[in-house]
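Chain nomenclature is as follows: A, B, C and D, assigned in order of appearance, with residue numbering initiated at 1 for each chain independently.
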Amino acid sequence: MARDLSVQIGSLSLKNPIIAASGCFGYGLEYAGSLDIGALGGVASKGLFLNAREGHAPPRIVETPSGMLNAIGLQGIGVHRYISEKLPELRRLGVTNIVNVCGTTIDEYCEVSRALTDAEGVHAIELNISCPNIKEGGIQFGCIQESTYAVVSAVRKATTLPLIPKLTPNVTDVASFARQCEDAGADGVSLVNTFLAMAIDIETRRPKLTNGMGGLSGPAIRPIAVRMVYECAQAVKIPIIGMGGITCAEDVIEFIIAGAAAVQVGTANFVDPFVWNKLIDGLTSYMERHDIARITDLTNTMTKGK
Amino acid sequence: MAIDVLAEILTNRALSADYNVVEFAAPDLARLAEPGQFVMVKTSLGNDPLLRRPFSIFEILRDATGQPRGVSILNKRVGVGTNLIYSTKPGDRLNVLGPLGQPWPRQTADEHWMVAGGVGLAPFVTLAETLAKTNARMRLFYGGRSASDLYYASLFETLGATLVLTTEDGSQGEKGRVTAPLERALSARGTTNVTLYTCGPTPMMRAVATLGAAHHCQTFVSLEQVMGCGMGGCYSCVVQVNDHATPHFVRSCIEGPVFDASRIIWDALVH
Amino acid sequence: MARDLSVQIGSLSLKNPIIAASGCFGYGLEYAGSLDIGALGGVASKGLFLNAREGHAPPRIVETPSGMLNAIGLQGIGVHRYISEKLPELRRLGVTNIVNVCGTTIDEYCEVSRALTDAEGVHAIELNISCPNIKEGGIQFGCIQESTYAVVSAVRKATTLPLIPKLTPNVTDVASFARQCEDAGADGVSLVNTFLAMAIDIETRRPKLTNGMGGLSGPAIRPIAVRMVYECAQAVKIPIIGMGGITCAEDVIEFIIAGAAAVQVGTANFVDPFVWNKLIDGLTSYMERHDIARITDLTNTMTKGK
Amino acid sequence: MAIDVLAEILTNRALSADYNVVEFAAPDLARLAEPGQFVMVKTSLGNDPLLRRPFSIFEILRDATGQPRGVSILNKRVGVGTNLIYSTKPGDRLNVLGPLGQPWPRQTADEHWMVAGGVGLAPFVTLAETLAKTNARMRLFYGGRSASDLYYASLFETLGATLVLTTEDGSQGEKGRVTAPLERALSARGTTNVTLYTCGPTPMMRAVATLGAAHHCQTFVSLEQVMGCGMGGCYSCVVQVNDHATPHFVRSCIEGPVFDASRIIWDALVH
């Protein structure tokens, strides 16, 4: 029997639940020479502001046990060049484009979102209110419930595209932020972005990252991310895109059972850019083994207790 | 196009307590490789260390009929990943991703001078082999701390390169830095059109770039930034270049590792 | 030159800054047959309530990438049996005892603390307001600033012993909790306790831990813990005991540079029960190499930026 | 007292695609070891996998003069750590911590019957050797899925044990479970005073405990709980026992792994 891997998030249709995570897959085209990026459930673009940004001075990453810190600082080409230089080719390759939108003000979030709404080939907006690496924007919207509500509802008015705010794990109660997004009209939420973290060079007594702090991603954070996805799934009805440390099909399944409708994969793509087929194949064979017809039947199916 | 191969280690040859050469069985990858490209090697099975490590493709290994059968890397122990590679055994398998990055560009100069420091020798074997096929005139300026740091010099000699060796302790070749004989040679070259290629410690590459500019030689550098992915996905490996009005960051894994030296803003370079 | 490893936290004197973390070293005596537990800077006891507790049904731990989850559920013998059955031998072995105090009510925290104050051989109280693994106590005091202030100031009145509240990392702004502790009269703070996390068995679709969720510890969390210690060090003047994923002397030094006066080591002791001498030796040789006379000179010495 | 040894692997003998025996050079540890104790092995160098894995001490290795020179473990691949141990090579070094836990208690019964299932054979070689020294009468009831799962049976024969083998597919010995011949033997033993020792899958151990109780035999079980530390530090390895009025949890790493079977509350036991 064919297994149905498709997932619906608002009006966003994914052919399968495996999405390349924002900031971990360039603009997607970097990988087009080596794999069929149109076969992915979706590609979340690198975070885009209105204008181009240079990002932080290197070193921008440092490895940690089963994880990595990054402080890229959202280097990017800005939304207009994305639309003119990247979208046409992405469209041609049949990519489901989930564009990660950044802003330093609510107005900027809205303006970027409007530009994307007018463009051809954008399938959804992932609202980045959770980047830990820049002072002037992002995470402060994601750490105060009122601000989350404000920015999500403002962008909701600015776009008809499916709207998926991306939550930060650096809060006491992530589910309350998911609820704010739901109340503000979001079509789904994605989580987690990276954990604010730090590594110090003990010889120089300076941070290993030029920027000082960075965001922790990778397998190290997976158990926390799974818990947070589970908490959100108990709190909201809108679909959840789960992520944080996924490396194999078993990890994908864990997030889906915890409550995710779809998942994103970031750091693991650095380790294995050909991970995608392994994830999709592993998911399919799990569904066969457990006789699950539709992947949506697996979402949020954890049994509590013994 | 890059491919990922779970490659068997054919041999692991220790050159010293810190240097070794590992040969991987990887015919498909070897077929695709061009001089100066690199591979990303996963040094462990588990999640720690997590990320792959970049290595220049040192040699293209060939079978008796000349068909590519694999690649080797020249490894220098500096931390956890390079230590793991040092201690691999034949029969072990590691994931090798590649070939990656921009190769050395083909040049039509009268002479080709390679300037290597330490493990910076790695990207030059493939270059020298390619140049040798065209009977191009080559020199290798090769510097190390002492005689025991200079490996494979005779291979370059076999390929027809003139050797200029230096060691800091004077135990082989000229005593001092490799840039000293390079500068003299540049001054003495007359009207010979020379292209410079360099890889090694950043201060050395910078000095070579400066000499190259002063002597109006086209100069290429192969940079070694910390790389998270090697494929343009993470934006970790950036170097600042000056092509446009304002300096900007480009990814050295896909625009490099080989750069025209005149593009590099050296003051912004880490390592 | 002899290196001075001693550290002062309120009236608590430590011969060196390396403490066995609570819940990771039994009551200390388990290790007395194999190593000199009196040589440690201190031993933080397993968390103690007034009465004995059975803890959760196993499985109580599960390994995760570079970390582990635990939901022991604070199995323990209660404070009175600790005083009568463990303290005499601990005293005889010259152990610096930092007793980890739990409670389900403020009254219980105070009563346990009073009993310890009256006992002989207790050197400090570590107030556990951060255990993620039990519903009825602990973490709810650690996640609301007012509650933190209330419990710390109540226990402050109940004891003359050095008082060190232990903070949870499961909050948006850990430094604000450190400030509450300082204001309430604490002599220091220790952090981090474990991160609330979860792992799901994808075959049974049940949590791998019987208790459902558990606390993540080990090297995986280190970069987040270092960041949190750093943030607290910018916020309070009282000494900080840092922990979270320390495995080697380099890690100890990283925490100290980030702002810790002393450190605790938990999970690493499971991996290597003889880690203690390696930590102390490594610390000493670093001090020699960097010509640091007193370890206190290293605390909070990170240089920001490039 | 436990010690930790960075022990060189002397040999790694594959018994099948899943079972192997690894010999460690660890004379000091071997000297301290008693029958039924275990070691905690660090299966990787890095942080992943992080925790050590518990293994029964399978054999005490001795040199020509009879001096202890190391220990071996009988390893069955079930996950990441046991996989790593399966693929180790002689010359590799792993940290081995031990000896840990309570040994099999010395008993003065007329006969000593060991009941092993699969890899549960591991703690019995040391017991049989010790019993053999006193010329005690021994039987080994040993069950596996098929003939190829029954290892080292002849070693026990050499030590003087009577063998009772069973396989689920009937390829060797009696077809079926090991508890069937055990039950018959218990019924047939007359007034012989028998002590039972068992290690293997939990259902098997439970069945043996039930038979032991029904036939009034002192019965010891060696339990295999998930262990974080092996030294009493983490309270992960608890099993519920009934010594007191109310059931309570005790740490199987320091009160066990060997328990008087009558103490165990089997319904509460995981695995």
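The rule is short, and it goes like this: contacts are C-beta pairs under 8 Å (C-beta built on N, C-alpha and C of every residue); 3 or more make two chains touch, one makes a residue touch a chain.
This is a predicted model, so every value here is computed, not measured.
*Asks:* Which chains contact both chain A and chain C?
*Replies:* Expected: B, D.
*Asks:* Name the chain pair with more contacting C-beta pairs, choosing from A-B and A-D.
*Replies:* Here the pair linked by more C-beta pairs in contact is A-B.
*Asks:* Just how far, in Å, is the C-alpha centre of chain D from the one of chain B?
*Replies:* 53
*Asks:* Once you find the CA centre of chain A and the CA centre of chain B, what distance in Å lies between them?
*Replies:* 36
*Asks:* Where the CA atoms of chain B average out and where those of chain C average out, how many Å apart are those spots?
*Replies:* So the centre of chain B lies 48 Å away from the centre of chain C.
*Asks:* Listing for chain C: what residues touch at least two other chains?
*Replies:* Each of 57, 65-67, 218-220 in chain C touches at least two other chains.
*Asks:* Can you pull out the residues of chain B that are in contact with at least two other chains?
*Replies:* 46-49
*Asks:* Write out the stretch or stretches of chain C touching chain A in their complex.
*Replies:* Residue list for chain C touching chain A: 57, 64-67, 69, 143, 170-172, 195-200, 202, 204-207, 210, 212-214, 216, 218-224, 226-227, 230, 245, 250, 253-254, 257-258, 286, 301-306.
*Asks:* Using the touch definition up top, name the residues of chain D that touch chain B in the complex.
*Replies:* Going through chain D, the ones touching chain B are 44-49, 80, 84, 89.
*Asks:* So in the complex, the part of chain A that touches chain B is made up of which residues?
*Replies:* For this pair, the touching residues of chain A are 23-26, 30-31, 33-34, 46, 54-55, 57-63, 65-68, 70, 72, 75, 218-220, 247, 267, 269-274.
*Asks:* Flag every residue of chain D that touches chain C in the complex, lowest number first.
*Replies:* 1-4, 42, 46-52, 95, 97, 225-226, 228-229, 231-239, 248-249, 254, 268, 270
*Asks:* Which bits of chain B are touching chain C when the two form their complex?
*Replies:* 46-48
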